[in-house]
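In the two complexes that follow, subunit A is the common piece, with subunit B as its partner first and subunit C second.
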Partner chain A sequence: MLNGTTAEIVERKALRINPAKTCQPIGAMYAALGIHGCMPHSHGSQGCCSYHRSHLTRHFKEPVMATTSSFTEGASVFGGMANLTQALRNIFSIYSPEIVAVHTTCLSEVIGDDIPTIVRKAQEEGSIPEGKIVIHANTPSFVGSHVYGFSNMVMAMVNYLSEKTGTTRNQVNIIPGFVEPADMREIKRLAAALGADIVMFPDTSNVLDGPLTGQYKMYPEGGATVAQIRSAGDSIATIALGHFAAHVGAATLESKCNVPAAFLELPIGIGATDRFIDTLRNYAGVQVPAAVELERGRLVDLMSDLHQYFHGRRVAVSGDPDQVIALTQLLLELEMKPVYAITGSPGNQFEKRMHELLDGPVPNARIKQTADLFELHQWIKREPVDLLIANTYGKHIARVENLPFVRFGFPILDRTSHRFNPTVGYVGAMNLINQMLNALLDKKDRECAEEWFELVQ
Partner chain B sequence: MPSIDILPARAASITQAGQPGAAVRCGQTSVAGSVSQRACVFCGARVVLYPIADALHLVHGPIGCAAYTWDIRGAQSSGPQLHRNSFSTDLQELDVIYGGEGKLERALTVLIARHQPKAAFVYSTCIVGVIGDDVGAVCKRVAAATGIPVLSVASEGFKGTKKDGYRAACEAVYTLIGTGDTTGISPLSINLLGDFNIAGETWIVRDYFQRMGVEVVATITGDGRVDDIRRCHGAKLNLVQCAGSMTHLARKLRDEHGIPFLKVSFFGLEDMSAALYDTARHFGDPALMERAKAIVRDEVERVYPELRRYKEQLLGKKAAIYVGGAFKAFSLVRALRTLGMTTAIVGTQTGDKDDYAQLREMCDAGTVIVDDSNPLELAKFCLEKDVDLFIGGVKERPIAYKLGIGFCDHNHERKEALAGYVGMLNFAREVYASCCSPVWQYMPRRAGGAA
Partner chain C sequence: MSVPAHPPAAGYDSAGFPLPSAPVPESEAVRLEMLKAYPPKTRKKREKQLLANDPATPPEIGANTRTIPGIITQRGCTYAGCRGVVIGPIHDILHITHGPVGCSYYSWLTRRNLARPKPGQPVNYLQYCMTTDMMEEEVIFGGEKKLAAAIREAHAIFKPKAIAVYSTCPVGLIGDDIHSVCRKAKEELGINVFGFSCEGYKGVSQSAGHHIANNGVFKHMVGLLDEPDPQPFRINVLGEYNIGGDAWEIDALLQKCGIHVTATLSGDISYEQICKCHTADLNVVMCHRSINYMAEMMETKFGVPWIKVNFIGAEQTAKSLRKIGQFFGDQRLTDRIEEVIAQEMAALRPVQADVRSRLQGKTAAMFVGGSRAHHYQHLFKDVGMLTVAAGYEFAHRDDYEGRAVLPKIKVDADSRNIEELDVEADPQRYNPRKTPEQIAALQAGGFNFKDYDGMMAEMKKSSLVIDDISHHEMEKLIELYKPDIIGSGIKDKFVIEKFGVPCKQLHSYDQGGPYAAFTGAANFYREIDRMINSKVWQLVTPSWKKPADPALALGRGIDSPANQAVRAVVSGLAKAWKPRQAAAAAPES
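Take a look at the complex of A and B:
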């Protein structure tokens, strides 16, 4: 009964059905949570803030703090200056954050609130205590997607905070992209294993995957500190992981503080992880230790043990552009066939890069940016696939078409693996391979004829 | 635990039962800068209309509002599942500049042709209120062209609180009412307003009334159908479960169609029974009352032994309640009493002065009563009162868990029906499972027998 999708494809220009994206502010809120002691602030109606917090909570199963300007009819006519000024005063006096990261919404963008001016006035009036910081990002909901909101807030961190003092620090910046706390934790673990000093921002590990202590902490232990982000201007280099979520921040740092940047893709799969490790090794001037080589060896071993189950399998992938680009490479390393790949986010780099990756091995692959899950479902109806990889919203399609389904990306509202299993790094690839194998074999075990039902695989 | 301050501007919204003081300030937009747990006008309208399952629901705005409300409520449908899709005009920068009316009209036309819904609801979001699209005019044109009702829901997020969204939803639904044929409707007939059929609750409640011999004409906001709503003015009584959202519609039906209404609650043994008895009493039919008594007797008998076993385990435990509407809070205070538990903190997002006066009256002395709270306040009160259970919604759950407190979702993410007699048993089971879970013994505050 959930099958409202028709195989017949009609060109749509005015309509989004079952989106594969959401709006900018939530990305900005997520990025801001990766600053230690930061209160994200939503400059708009209180519904926006409530929706973002609920959505992030459903994904992380963690308290998500953010404040709102609580726009009313008056604010929409006369501007949101009074609301934001009052909000800043209240936030600092009662929640005492180190820093407030303001993001806009469609409403405040359209009425044209000038955030820097409002903040400056608040500062002059004494509404912002000495030593406390306010940064902001413009995140109109009618432009881009949640990924752009993340990227814009990262750019704001650089613009407002990073400084070049002239004394270079022996550290490498890493901008991890819109990934899970578990992924950020894994990136830090790999860097530590290499013995490379890094500054990673944002960093939501220990913020959105905190322990149960019986205490409620408005500002958990984790997050990149303001001092760390400030020091990023003195780093040797920046490694940015993902064109859409991370590259703008690195480019901004390059032009502002002259910190050279390596523009990489997310380290998902063996090749991309190799490139990440190699880049980090080069910048930090360290050797890859035996422990990391062993990890890589175990991944290659796993791939060799299982490659026969993956060869030639037709896969449909939906997700955020950086994730889909990176995951596609892992699928190709396993000689799978990503025949359909979509992202809801706009941006030409997606289709360009995906064609580079797929035109050779999967010449008939359908690739589309600014697409939605309804369209992906239509493609699948016309020519089926063996495996679907998408965020939770893929489950409607998986059920209707009886597809093995691996949950991947944001949001995941109905499973928990993303909370502790990374998808980046060699370990992340093993985790993804494991999930894909389970999905494929579970279906076979459930449905195959008895004579084909095998104990040993 | 260091003491946590209260925003000075919030002090007037907090009081305690059994203590003198002014009425609780409420019904206002949240203080700018607070971590409010509340949503907006759009949210209010969307939740009320969402369960009308054979209607098309199109969100006119940028993608977020449609994305965050996509299939997140367990408002079940026994038939069509069209409402579980996410349809939106996904407004872009150029639409904001040149207007989104054309896009809206094309989207409606395509969707109505494909899905043949019985009606369509178009939700305005913040931005539509600012760029000035004439949504009403588009709806009228499309309705004329397609022959189905196309209803504009004035739900721009900033134009008030969630309550104003309920009102906008009522106004939209009301335009459907009175357009259907009412012949054959029994003189003993009701509509259910404000039950959302979360986890199938409407089905449980409807069954009781049908067994009583009462015809249920329309279950407007739970497993709702357009054709039922069109003829629901033929019913002789309206039962309003979620008073906050549906009283406006009930009043209109009373004033313009002469249908009286009763505010009821289906949560807890007492309130469920009261709803059945009040209905029987309203119709003044002794046979109806006899059947109501028989149902209450049978159903209570069936669940009571197990309820008593839970009560023994839960006796004296303390709960915090933070829910949307006050009527639900009343029911929960009573239902917790049935389980031998006390309410130490009770708050709502949308309660009014009378609601809070009633809470003050019904709660034990010392119970904290709060309007439009925030996580810091809630955490503060939970620790001060050392509660064992928190009853709330999606944003409160992880806070409760972090404090090492059991949790029961009484909002739209509940997975078990909590209405009716069987619902009370589910509630007791859920409260027991969470309050008395062995997981809390690993939490430092409880570990080693420390209080």
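Take a look at the complex of A and C:
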């Protein structure tokens, strides 16, 4: 397995091997599913849409609906106007969504289809029923990554939907970043515990973690409603969780509707969660209740109890930039040593922020944006680590190098914890700590000499 | 066609189809109901792709035509069909996708074409995903340089025997000439490097990609190694992809019979095996859709004849083995085949009978691929289940109506897009495996070459056939037919199961399998039994939402019999405890 990977590093300028990112549209599709009653639409050939739906389904084990413009050669030559117009007509008459969120693909980007013009024409000729909405985001995959696609679709929500009426509403917007439904649910739970009124968009909880009831609903209960996203323009402030996936949306809302933005990181670990709670408390003008402090206290207690298992352990992390930046802080709180940290996404903020975090405690850490898992594996071969944290694609490395492995981020195609256990908030940190401990101790219990195989840990 | 049983076996009708235990709705009514929601133009197109079946004279079906924009389809693209299916499983060459990262990323280990490199061939590159990860700059100024550099880098790191390159949509549009890049790399590096122009928009589905892959594999690999394997009775299994280990199961069975597999195209296969597969005596075709091109080209150029087989379903497997035996016409081989069939069937029958006792009369529907929606009907039939509706995702008319219809198929613009190779007999190596007399004798004995009658001929009259089923039609189908199980793919799986209907993925097998040959059949029977009879479906409705059932009242309410019973026991214990307590408290005497 992976037996072509050696410790000897040959410089690569052109070949990407085992990428740690994917393309923009899948992020846009995921974000669009966080709008209630929304049909994501992929404007391009049908293969992209099929791949994105399959991939999201393998991650969530849930229905993932989206339509496509099904380009063939003709559309590729003459443009996709006819295809998109026909698609909109079909979508509204057969699948009756409230809103269609169009994203482009490489193909329609290269052709240069002008989506707003096509949509306007479709509207004029009556292909879009009265009261129904079409929004769009440009998501070329030769720029950025899936995280940028998410961010671009969030920006589209703001641009198309959010409005300032002049009457401020006593509510705080939260843009949660490219996180799991379980994380979004946890963020809402914390806000409710604080008694803060929030509008969160996108919100995929109750969309991509639906119950089995014997009834299929194409548009499940969950998702931020169009009315909520509209009202975001009247909120007191926006809290954006993550530079890469959330900040652009918040900045857009700030400039469009004058809603001040707090640019935070994902609330993973104690410090980042504290900052989130504190910011939300201040904007919403509420107190942190005892129950939340108790939760936090239990987390600190856990960290103190288990400190010996984590201290000084060398960790390799791969993931989306916002996730790696936030997780690194939890690892540092546990006094672990994140010696290798990569993301596949481009963007200088990653390396900048990671250096700020690691230059002091782990001076020789290797940090790289636009990197791939092949390279990370080579680093590990040169100097090993005690723990690997990555999405499912890390499992081959973990197997050949015999590493304890914690699955984290997107996608997780072979385990289920992410479907119901958050990684954000104090509870999320407990989940992560629990998974890391299990991974480390399971290996020890499997491999240690018999005399060191102990009942109590 | 299934042979009518005289008299029909219990639970089967006179044509050999299982009798459903609940009435099946009339397919024409279902069809009209499905079409109702469509706008006129869409309806007109879909009408041709939804039909009530007639096995005797299969009606003409609209197939291999464009999917209508805005319709939620199962289909993927040409790139997926090319990169993923026929060539993707070759495990000791490198596969580089030229384009932005996504197309390559999504085709990374998501198809379950398992590989187990042979001893002495330790390389397996299938865990690698390689792409030029095209950026804006290359989209504007062209990506040929980057591709050439990527090939060079891949060669420097892995030193492979061969490199295959695949184009994605944007590449075709910006006009990169991948073939000239490959030619130059081949000269420079001294290894085999070749490209596939399989841009996603080229065809109406994955099917176009299969054709392109067939052409490329044939042109660039088949025939490079003239070293026949030493074993007698050499065949290639074409259109078998070793999903869930199917190819291993078939291989083992054939080996038991004394038949040698030179190559399986394409499952657990090495470069060398592909290069010498033209030295086999016979091609047997599993999935007609994805690989009939290869079978035809190998026959024209090298004289290797082909026959259709099917190793899915017990009877079908036995029939296929006998057909191969008949081709070779060797008495010892024929005897051995009969011996193996007898052994395997003896082991399988009790499993089949046991499972059938629970599944007889249940119904299935299948919408998948280009052959499985047909082949798997046999497995369901084995356990007494009737397939009430079925269709392919990307097949052509011949896969539905049979190859007899081939001359009548109109070649449309989308199909014309795909190159038809000009293949001629190889001046040195063309070697027809049978003389005209032998062929005539075989045919006189009922043996047919290149025979595929299609799905419709083997499906019950009036069952519903749906090509490229849409999500809307799937919903209606569940509502109206209420099938006991549906075979489909990953995108439908959880939709169907939300309705409380189990869905077996027939692309990936839900990570199960193998289901081919006799052992595989037993696996499948048990799997379907497990899925249909799973207790989980009974847990869907909480007790308080079910109609009051007197038997259930036992556990409900303070005065329920169950509570009364507990109360009696507990008060007895309490009474017994009190005197003891009194005794313990008594002052010591």
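Definition applied: the second predicted complex is superposed on the first by the 457 of 457 C-alpha atoms of A that agree within 3 Å, B and C clash if a C-alpha of one lies under 4 Å from a C-alpha of the other, contacts with A are read in each partner's own complex, and residues count from 1 in each chain.
Note that in this section contacts are C-beta pairs under 8 Å (C-beta built on N, C-alpha and C of every residue); 3 or more make two chains touch, one makes a residue touch a chain.
As the structure is a computational prediction, the values presented were derived from the model and not from experiment.
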Check your understanding: When the two structures are superposed on subunit A, do subunit B and subunit C clash or fit side by side?
Key -> clash
Point to revise | subunit B versus subunit C as contact partner of A:I91, first or second or both or neither | key: both
Practice item. Scan A:T68 for contacts with subunit B and subunit C and give back first, second, both or neither. Key: both
Review point. Who does A:S50 touch here: subunit B (first), subunit C (second), both, or neither?
Key: both
Check your understanding: Given the touch rule stated above, what does A:A449 touch, subunit B (first), subunit C (second), both, or neither?
Key -> neither
Review point. Touching A:A291 in the superposition: subunit B (first), subunit C (second), both, neither?
Key: neither
Check your understanding: Just one of 205-213, 439-447 or 547-555 in subunit C hits subunit B in the overlay; which is it?
Key -> 205-213
Exercise for review: Identify the overlap between the subunit B-contacting and the subunit C-contacting residues of subunit A.
Suggested key: 1-2, 4, 6, 10, 12-19, 21-23, 25-26, 41, 44-48, 50-55, 57-58, 61-73, 75-76, 83-84, 86-91, 93-95, 105-107, 110-111, 140-143, 145, 210, 212-217, 344, 374, 393, 396
Point to revise | subunit B residues within the subunit A interface of the complex | key: 1, 5-7, 9, 29-43, 61-72, 79-82, 84-93, 95-96, 102-104, 106-107, 110-111, 114-115, 125-127, 129-131, 157-160, 375-376, 379, 383, 394-395, 397-399, 401-404, 442-446
Study note, to complete from the structure: Per the touch rule, the subunit A residues reaching subunit C in their complex are 1-4, 6, 10, 12-19, 21-26, 41, 44-48, 50-55, 57-58, 61-76, 83-84, 86-91, 93-95, 105-107, 109-111, 140-143, 145, 210, 212-217, 344, 374, 393, 396
Review point. Of all residues in subunit C, which touch subunit A in the complex?
Key: 37-39, 41-42, 66-80, 96, 99-108, 110, 122-125, 127-136, 138-139, 146-147, 149-150, 152-154, 156-158, 168-170, 172-174, 200-204, 413-414, 417, 471-472, 475, 489-491, 493-495, 497-500, 540-541
Exercise for review: Would you pull the subunit A residues touching subunit B in the complex into a rising list?
Suggested key: 1-2, 4, 6, 10, 12-19, 21-23, 25-26, 41, 44-55, 57-58, 60-73, 75-76, 83-84, 86-91, 93-95, 105-107, 110-111, 140-143, 145, 210, 212-218, 344, 374, 393, 396
